[in-house]
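Paired with subunit B in one complex and with subunit C in the other, subunit A is shared by the two complexes that follow.
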Partner chain A sequence: MSSPLILLPGDEVPTDYLPSNGSAPLRLGPGLRLLSEAHPTPASTSKHVLTATQAGILSTDNKRNAISILSSSNRRYVPTPNDLVIAQVHHSSVDYFYCMITPQSPHAVLGQLSFEGATKKTRPMLQGGDLVYARVLSTGLGAGAEVEIACVNPATGKSEPGGLGPLKGGMVFDISTGFAARLIRASSAPSEQQEVAGLVVLDELGKKLEKVGGFEIAVGRNGKVWVDCSNSEDNAVRATVAIGRCLTAIDEHNLNPTDQRKLVTRILREMKIES
Partner chain B sequence: MNKEAALSVAERDFILDALREDVRLDGRSADQLRPLTLSFGEEYGHVKVQLGKTSLIVRISAEVAKPHDDRPFDGIFSIAMELTAMGSPAWENGRQGDFETYVTNVLDRVIRHSNALDTESLCVLKGVSCWTIRADVHITGYDGNLIDASCIGVMAGLQHFRRPDAVVKEGQVIVYGIDEKVPVPLNITHKPLSVTFHTFDEGKLVILDATRKEEQASEADVVIGLNNAGDVCYLSKFSGSPVDAMVFVTKTTVALEKVKELNGIIDKALQADLAKRAKGGLAEQARAENDRLIG
Partner chain C sequence: MGGPIASLHPLSRADGSASYKCPATGSNVLGSVNAPIELPGRRDALKPEDATIEVFVKPGTAPGGVGERHIEGILRGALGRIILGREKGYPRRGVVITLAVVGCDNIARGSSYLPILPALLHTSILALLSASVPLSMTFSATVLAVDSSGEIVCEPSSTDAAAAASLHVLAFTSQGHLLLNESEGRFDFDTWERVYERALAICHGTSALGSDGDVAMSENVDAQPLEGFVRDTVEDHIHREYAWKIDAA
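On to the complex of A and B.
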């Protein structure tokens, strides 16, 4: 695997780009679909092909045996299982909270007990307008299917990965879904993969804001970032706005790492945050 | 649905907290506009407006029609605006919401009722034919402050538009094509623009040119329409919580400053476009002198 491969919707993923870890099942990320081959050739061993449904760069993760498409800056979000999203509670019933992942789309359901350590008595009492950081469990099939999200891994009963659950305080900024995916990748992946994402903004902000109390961040694949700087006391509001401005500006102008560093320095100076 | 999705509690609280510290989400000050860019299309009266992330296209068109019976000396001017799904997923095609009615009404009052376009100059032959000028506003992106952006678009469009020349010969109306005779600009009497303010925290905090999120978190809005000379031609506070009368007084001064600034940007863009058209345009072709060197 040498250069990054760019796929267009309908393009097949070449077999030599698939992760070589043979034993574990292959995980498909967003933007890819498994289709049966229309005209099976005798030469091909399997009857299925992987096809891209979005345009973007193919990215493979050998360790997790996963493959996904890094899409560019689009705004529309289509829920895919295992995505982390920031959802807004709309209303609740006896069993479920009805949440909004994207505005103007049918509500996703979040079980009242789908929180870490939640029982009938200890479950969080969420009101309309509250935010939760959750994982997409299933998206269902066919028309009228409900998207189900959860703040807990149903198998282990823990909130995996950490940090899932209600989000208190802070501020939400809107970004493109492609940028959200890159942010997640940049913060979770080892250094070799950060090159694909090309994002240094979070590291840079982390370094600069460490002295004023640091910040908490949650990135939702649905194009939302939640930022909270409540540790920064007097600087809390300005630091939050500064982070939000950095992220939206980088998303909008597609800045490279050098420009990202410059932007962070400039915006922090503008917002009068000493670092 | 035809309704903007509600803001989360966190966002609403944060916007208010930030404004109390005089901080806005995009780093602007309370009385600062977002960057405005105007671009013009190939044809006269085709304007694209970009105000921050709010963008819209205005088309001005003209046709000859019969004037209204009660006003035989007047031409007809109308502003048409429709909020379609192209602008925001919250809007539905073909269904008129309160917001649409409100914005159309304000545009009508600020531009049409203040007589920005002299309709008498549109008369061709008394009671028989006149020009009908129509401004179509298409929203292509919505991030708050639709009223001001549309006002800018319509006013810039009216100043940019050139209608075909028409003459009356022996009781017959003859309309010359754009390429036959140099088209005529519209008669603009004054240049009114609206400036929208939003209030927060029981009317104590007032900001202008709010984004969509700020609009949703606000308590009330105040629209002031005025021209370069400072003549107030429109003032409204339709809904929301009460606003102190002093806000109107102090903010009118701010609005005047902003209107002058905006009109300056519009003039500059118009002149740049005119200069571009002058090269290789009809005026150049119709020039009597030639490029030959004499002597």
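On to the complex of A and C.
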């Protein structure tokens, strides 16, 4: 593809930027809509145009024949099925835990039994304030619908992708939603192409903190990242705070890979964590 | 006369924000957008399948009054036409736009708000863009004063505005259609036509639809079209934010 194209609301997507995979239907991601052409010209073959509804970079995926707009990274999170989120339990009823995904939105429901291996006898007893790593199951239909999340794949009964379930210990840091999406992309990519989202911070921290016991991390699309270093004993708190500081600073200042490495070294030195 | 200065996302806690400063009219506005949010007690609004748009204008030093309520109504009407309130996640939710007039030459209590209306409009469109609220299109706006001899003054200062026979605020969408027209004072249709041509040239440059006169060309050499200004501000911001992706490509 040629240079990245920045679109503003109302701009039409030029046809030469569309993925050329003819077999599958074109999938429209967020930020785009299909309109019928206002002034159809006899020369043009299609009667429809794609226009942007948000300002951002046009991103195309040739493999899935999908097209979407990557918009401002500080936007508010809107739940979408299959997103991984970090939710906080607010209160529980007989059948459901009521969880907060973002503080302003109404509570999302999490079934008492939507955990791996949960039965009526053995199920996690979550209190208000506890954290869960969950997948958005459905967002309902129409206005004011309930969002349902689950820590288990209902088809298989396993928690997949792995790691879903209650998050014990650790600490949550707030990051922007765009940065959360980047972290997820970077960590799900094969390890040799960590540069995929311009992020080397997790690799770098992993290398440097290996000696002190490593760390666990969970990234929620709702702009939360959970960090736990309970293996590092004496350094647990310091390492957790250091990781959180690295992530929030990179998010805030939009650092490039070289600066990310420098920042990691500097913060670990400041926090007196020998690596 | 310098062009306007704007920055996107100066506030970290709001979903979207923008600051806008126009040296010509001396206005300085800070705006924030929060959307989509739950509005208490609004779940059964008159239009349940649409988003509710709320606009608040806060003067810098005085409590808000009738003038602010009036301008809020104008802004809500104009913005409601371009916000797509039926997109996913927006119906029955609120789009709350708060505009603080940080600096302004002198808008006394009860005086006209028209001189800073373009600044309020630009701040709100930039804040909406930075919050990624779905919009059907963007717009740009300008204010023109016509003095007693029929001369048109672009972006009048507060003294010019006070001396003017009539004041006109016009906003054009990115497609070149008239979105908003607020006029006050005494003027005739011919004056309005001239004001319209001039405003279209300011917002869209001379290549815009319907500008066929040479007059507009010779008059508008001092600044880039405002539509381009909105676009450049947003593109700069996105370039900075997605530097990691653009560098990799």
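One rule holds for everything that comes next: the second predicted complex is superposed on the first by the 196 of 275 C-alpha atoms of A that agree within 3 Å, B and C clash if a C-alpha of one lies under 4 Å from a C-alpha of the other, contacts with A are read in each partner's own complex, and residues count from 1 in each chain.
In this section, a contact is a pair of C-beta atoms (placed from the backbone, for glycine too) under 8 Å apart; a residue touches a chain by one contact, two chains touch by 3 or more.
Since the model is a prediction, treat every value here as computed from it, not as a measurement.
Participant: Quick check on the superposed pair: does A:Asn74 touch subunit B, subunit C, both, or neither? Answer first, second, both or neither.
Facilitator: It touches subunit C, and subunit B stays clear.
Participant: Where does A:Gly198 make contact in the superposed view: on subunit B (first), on subunit C (second), on both, or on neither?
Facilitator: second
Participant: Quick one: classify A:Asn256 as touching subunit B (first), subunit C (second), both or neither.
Facilitator: second
Participant: In the overlaid three-chain picture, which partner chain does A:Ile57 touch, first (subunit B) or second (subunit C), both, or neither?
Facilitator: second
Participant: Is A:Ile6 touching anything from subunit B or subunit C once the two structures are fitted on A? First, second, both or neither.
Facilitator: second
Participant: State whether A:Gln104 touches subunit B only (first), subunit C only (second), both chains, or neither.
Facilitator: Touch partners of A:Gln104: subunit B and subunit C.
Participant: In the overlay, answer first, second, both or neither for which of subunit B and subunit C A:Ala24 touches.
Facilitator: A:Ala24: touches no partner chain.
Participant: Which one hits more subunit A residues, subunit B or subunit C?
Facilitator: Answer, by number of touched residues of subunit A: C.
Participant: Do any residues of subunit A touch both subunit B and subunit C, and if so, which are they?
Facilitator: Correct list for subunit A: 104.
Participant: Which residues of subunit C touch subunit A once you look at their complex with the stated criterion?
Facilitator: 8-9, 12, 15-16, 34-38, 43, 48-49, 82, 84, 87-89, 91-92, 129-138, 173-175, 230-231, 234-235, 237-249
Participant: Help me check something: in the complex, which residues belonging to subunit B touch subunit A?
Facilitator: So the residues of subunit B in touch with subunit A come to 1, 4-15, 17-18, 21, 23-27, 89-90.
Participant: For subunit A, which residues count as touching subunit B in their complex?
Facilitator: Residue list for subunit A touching subunit B: 88, 100, 103-104, 127-131, 167-173, 226, 237-238, 240-241, 244-245, 267, 270-271.
Participant: Give every residue of subunit A touching subunit C within the complex, in rising order.
Facilitator: Contacts found on subunit A: 1, 3-4, 6, 8-11, 30-31, 33, 53-57, 70-76, 78-79, 104-106, 142-144, 178, 182, 195-199, 252, 254, 256.
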